[in-house]
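Labels for the chains are A, B, C and D, by order of writing; each one numbers its residues from 1.
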Amino acid sequence: MAKTGQYDPKPEHKFSFGLWTVGNRGRDPFGDAVRESIGPAALVDLLGEVGVWGVNLHDNDLVPIDATPSQRDQIVREFKKACQRNGIVVPMATVSLFFHPVFRDGAFTANDPEVRGYAIQKTLRAMDLGAELGAKIFVLWAGRDGAETDGCRRADIAVKRMREAINYLCEYNIEKKYGYKFALEAKPNEPRGDIYFATTGHYLGLIPTLDHPEMVGLNPEVAHETMAGLNFMHGVAQAWEAGKLFHIDLNDQAPGRYDQDLRFGSHNLKAAFWLVKFLEDVGYNGSRHFDAHAGLHAHVSDFERESQAMECRQRDPDNSEAG
Amino acid sequence: MAKTGQYDPKPEHKFSFGLWTVGNRGRDPFGDAVRESIGPAALVDLLGEVGVWGVNLHDNDLVPIDATPSQRDQIVREFKKACQRNGIVVPMATVSLFFHPVFRDGAFTANDPEVRGYAIQKTLRAMDLGAELGAKIFVLWAGRDGAETDGCRRADIAVKRMREAINYLCEYNIEKKYGYKFALEAKPNEPRGDIYFATTGHYLGLIPTLDHPEMVGLNPEVAHETMAGLNFMHGVAQAWEAGKLFHIDLNDQAPGRYDQDLRFGSHNLKAAFWLVKFLEDVGYNGSRHFDAHAGLHAHVSDFERESQAMECRQRDPDNSEAG
Amino acid sequence: MAKTGQYDPKPEHKFSFGLWTVGNRGRDPFGDAVRESIGPAALVDLLGEVGVWGVNLHDNDLVPIDATPSQRDQIVREFKKACQRNGIVVPMATVSLFFHPVFRDGAFTANDPEVRGYAIQKTLRAMDLGAELGAKIFVLWAGRDGAETDGCRRADIAVKRMREAINYLCEYNIEKKYGYKFALEAKPNEPRGDIYFATTGHYLGLIPTLDHPEMVGLNPEVAHETMAGLNFMHGVAQAWEAGKLFHIDLNDQAPGRYDQDLRFGSHNLKAAFWLVKFLEDVGYNGSRHFDAHAGLHAHVSDFERESQAMECRQRDPDNSEAG
Amino acid sequence: MAKTGQYDPKPEHKFSFGLWTVGNRGRDPFGDAVRESIGPAALVDLLGEVGVWGVNLHDNDLVPIDATPSQRDQIVREFKKACQRNGIVVPMATVSLFFHPVFRDGAFTANDPEVRGYAIQKTLRAMDLGAELGAKIFVLWAGRDGAETDGCRRADIAVKRMREAINYLCEYNIEKKYGYKFALEAKPNEPRGDIYFATTGHYLGLIPTLDHPEMVGLNPEVAHETMAGLNFMHGVAQAWEAGKLFHIDLNDQAPGRYDQDLRFGSHNLKAAFWLVKFLEDVGYNGSRHFDAHAGLHAHVSDFERESQAMECRQRDPDNSEAG
């Protein structure tokens, strides 16, 4: 696919996508998958075709949780080849601490010390994997760390357990010389009734209490803050101002409902405008990661329109009139 | 299990449960199932053990969508036997118009006339099944009939298609002498960005425009109205006053988030109190259907506590102080 | 002010404004008024200057609640003169059943029969006033008819009282040959914790139970449905399809918060687009009433931009690409 | 009023009330005041009668904004006498940076440097007043510091201005040896569309970046976090764990709507239970400030029931069953 137009994505735009979104099968709580499964290497080929810069992944997006070491190595080899032949980098890696039933009560904050220990170990392995792929950002989303009733644990204990876990990961990062920056991702609820560290603000409050605060920042996500009806850009701006905007998840969402992961700008164009304007004005230079799922009837990738829209906004000399 | 205490459920309480809740496997958008699958007959045995009056079902809770006619008949025979040996009735039946990928764009309001036709036919078969099991209430939840963007169809067209479908079902009900009352179930969103007929009120507005309005009423659900932050009891009261409270789904929910299907009374006890008081005061005599899923770590049935709580509220001479 | 451009408002656009919005002083629960009071006639002059078609009013926007009959007549005379000299009509009138402390427990549904009687009488006088000014639409917003705790009255009693009140108003309308259409305006909450008839749907359910259903329809308001996170256009479409879209209040709102009455299209342009497209596609021919308050620092009227925006959308041959 | 029962409030409970709540006149955006104005000294007498420990105030709750210095001194003298004769202390003072029209665009973050300067000066005078009354907690609620459109200022500039203002106030506190702890109070919206520092978490993120972080903590309010649908107790627990729970505002609220300031525990008893249990379990020893307004028809003080309810919960040996 030739990329010659002014709206074509270029590497310096740092447009990245996650295997879990481009490969999303459209399953939801009320319905079965509507799309076939596509393997990681094939997804990378698709991304390469449309000029994407980076691909991100959870450990189990790439390596099944029950893969043997040799299977794992084989999978990683093929994935790296796919990245190389498409000129695509892996800027960010993360870990699934939510899909397996063992995390039903949480991961880093679970009451069972064996689960907490397993969550840590699983994360270390995911860090190894990401490092092998060249990732320099490691995202942590503690999606199961929350409660439906606060009888399960005292909420300040959850804070302490989260701190302890992150401190441990930082030590490992130092010891292994991986050079990761950790980017914490907040969400107010779903899949738990209330998730600890509900917003970008709450994580900004945690970071200064860590052993290595300089190593830890934020990965704000449009949909997550919007679920709580908050002004996403305000949280992003506070994170930026604190030097903590390490990564960003661009998508969209109607407030006060389930996590929609809509295409960036598709629900509230005005909010998207002010966000893009802010990022451009301050010179944000990290990944522009589009964390949207295709709608259930989508047959084509929507990201081209996204990247065009972003380009378009950047170039408009006259955006000062919006309001 | 002996049932002699004053808080034991009795048939006159009309406590009913759905196969899809007691058999719920605890899968969610971010995680795999946490419980084993249990067959319909075994679920009925469990319900019988704890004194439940009625069991409700979607067609495919009982009969797999790809069952052959003889498999279907075999399954139904065994299910009826299980009901008989447990003294449990089937007061309500419904149809899944949301799980299969064919409904990704809706069922009765889908743009593809073949999908609309299939949705109707699937519902007729579900009506046959329910009638065979003795059900007199048929619930319709049009969960996929909605939109993420209103470019997909004009919303008044959706109203017309819904009316046409329900009119057709009413004719079939008359022709077959099934004697069903249809109970429409509203929901504001999820799995669609916005579902048509978002609240009990919206369906109350549709019913008088149907060919057989006397045959059609409501099945309000606590969680669904609460998702939109509405006072559930107010909607129930309007439905009751209009003679349209044909069924009710009791569960609980925090406002402004994903469909939680929490245990009735577990989130907002005050709202549950005023609802139960209303139902008792006006003499509601339909099913008291508990539409809650067990939490992910639940090991025991919670419905006993529910029925006790309801009994307790009924008996309290002093509930006039609440406020 | 010369009106020659293609984006200038014209009478056939039926752009109307309420005295309570253009004269809004910017008081809110946490702050004092930020603008001077302007008299009704002066407001009409301002509207005339910018080419507005119609002006709407509550009884007490024009006539103070404690005016003597002769004061009232004097005020009305001057107002009519102002309308005439500006070529402005009064398409809609309504009644304040919320500002005076006597309505603290509601108006048509209040527990005190004297309050209910007074609310009716006040409404009859407002109908007289509107008729004198030529209004053919009479809006009813029962903003205080709700509850913070449902101990105050049974919610089905509220439904009956509302019905009784509207029936009475219809009889008066017939007797006086005023020829009004009543347009009911729903709102989920504020100033009450929960207002009865929370959405357009709930009123659509009430109307068929009235003595004169043909005389009563809806006045949906963008902000009110959006407060509950509902898709406003879906409710409008259902009202239209039922032949009940008698009036519409155009403004904007972020979901899940206080009533903002923002400028139409200023929060969610996509939702505004689909609404305007729907109204144009179906040929809605009623008032296009802009029910927005100026922001606290506004010095100039924003309605010109509104009317231009609407014109612009109407004329765009290419709006089929939106999504 | 004799105070001998086990549910009577005692000084060690540190139950406090604000002049703005007990003197609240029940005005709202849609209606006029429903109660007479009562002077500060008379309010203190009412609080004394029912055994309250402390009274809190904004500067202008006590001293009108346009009082002369001698009027101010006279008012303060009478107020101190009223406190003394009732054995009531002034644990907390705060400043109104929201009522006067000059703050229409914000106070500490306003674009006009004169407004920012005035906001600082007004706060210094309020600190003088509080110090004179013996207050050791100074609450800051920046209720006007927000936006309806982000064209008004870049959100990171707002962060910087807020920091600068708080740093200045801390210096004054040191210079004057007032010994205040500042308690920052977050709110997501209202009266602004979006208020900067939307949650307790966001302020927790700001504090470590201040010049005197040890001097600054939080004043979380039930209603404010609940407006955004967040679990209030989780935010409180994080603040406590960080050593920053300097004050607390107890009231109640339905999620996703206007600021209701309902009586503590009146909307969601379960949430109130877990909050009280947390505060008691960790040994919180600050003010228990009830920040609720009376409902519009209230004639008697509700706080006795509140204090009883709290006592009751504290004493219940069996609260481990809740959930």
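In the analysis below, a residue touches a chain if its C-beta (ideal position, glycine included) is under 8 Å from a C-beta of that chain, and two chains touch if they have at least 3 such contacts.
Small disclaimer: the values here were computed from a predicted structure and weren't measured.
Chain pairs A-D and B-D differ in how many C-beta pairs they share in contact, with the greater number at A-D.
Its interface matching that of C-D in over half of the contact pairs by residue number, A-B stands out among A-B, B-C or A-C. Two copies of one sequence, chain A and chain C, touch each other mainly through matching residues, since over half of the numbers at the interface are common to both. The chain with its CA mean position farthest from that of chain D is B. The distance from the centre of chain A to the centre of chain D, with each centre set as the mean of the Cα atoms, comes to 37 Å. Inter-chain spacing, taken between the CA centroids of chain B and chain D, is 44 Å. Counting partners per residue, chain A has 149, 188-189, 193-194, 229, 254-257, 266, 270, 323 as the residues that reach two or more other chains. The touching residues of chain B, when paired with chain C in their complex, are 147, 149-151, 154-156, 158-160, 188-189, 193-194, 196-209, 228-231, 233-238, 240-242, 256, 270, 274, 278, 281-282, 320, 322-323. Interface residues of chain A facing chain C in the complex, by the touch rule stated above, are 229, 254-257, 266-270, 323.
Residues 26-34, 98-101, 103-105, 143-144, 148-149, 188-191, 193-194, 227, 229, 254-260, 262, 266, 295-297 of chain C touch chain D in their complex.
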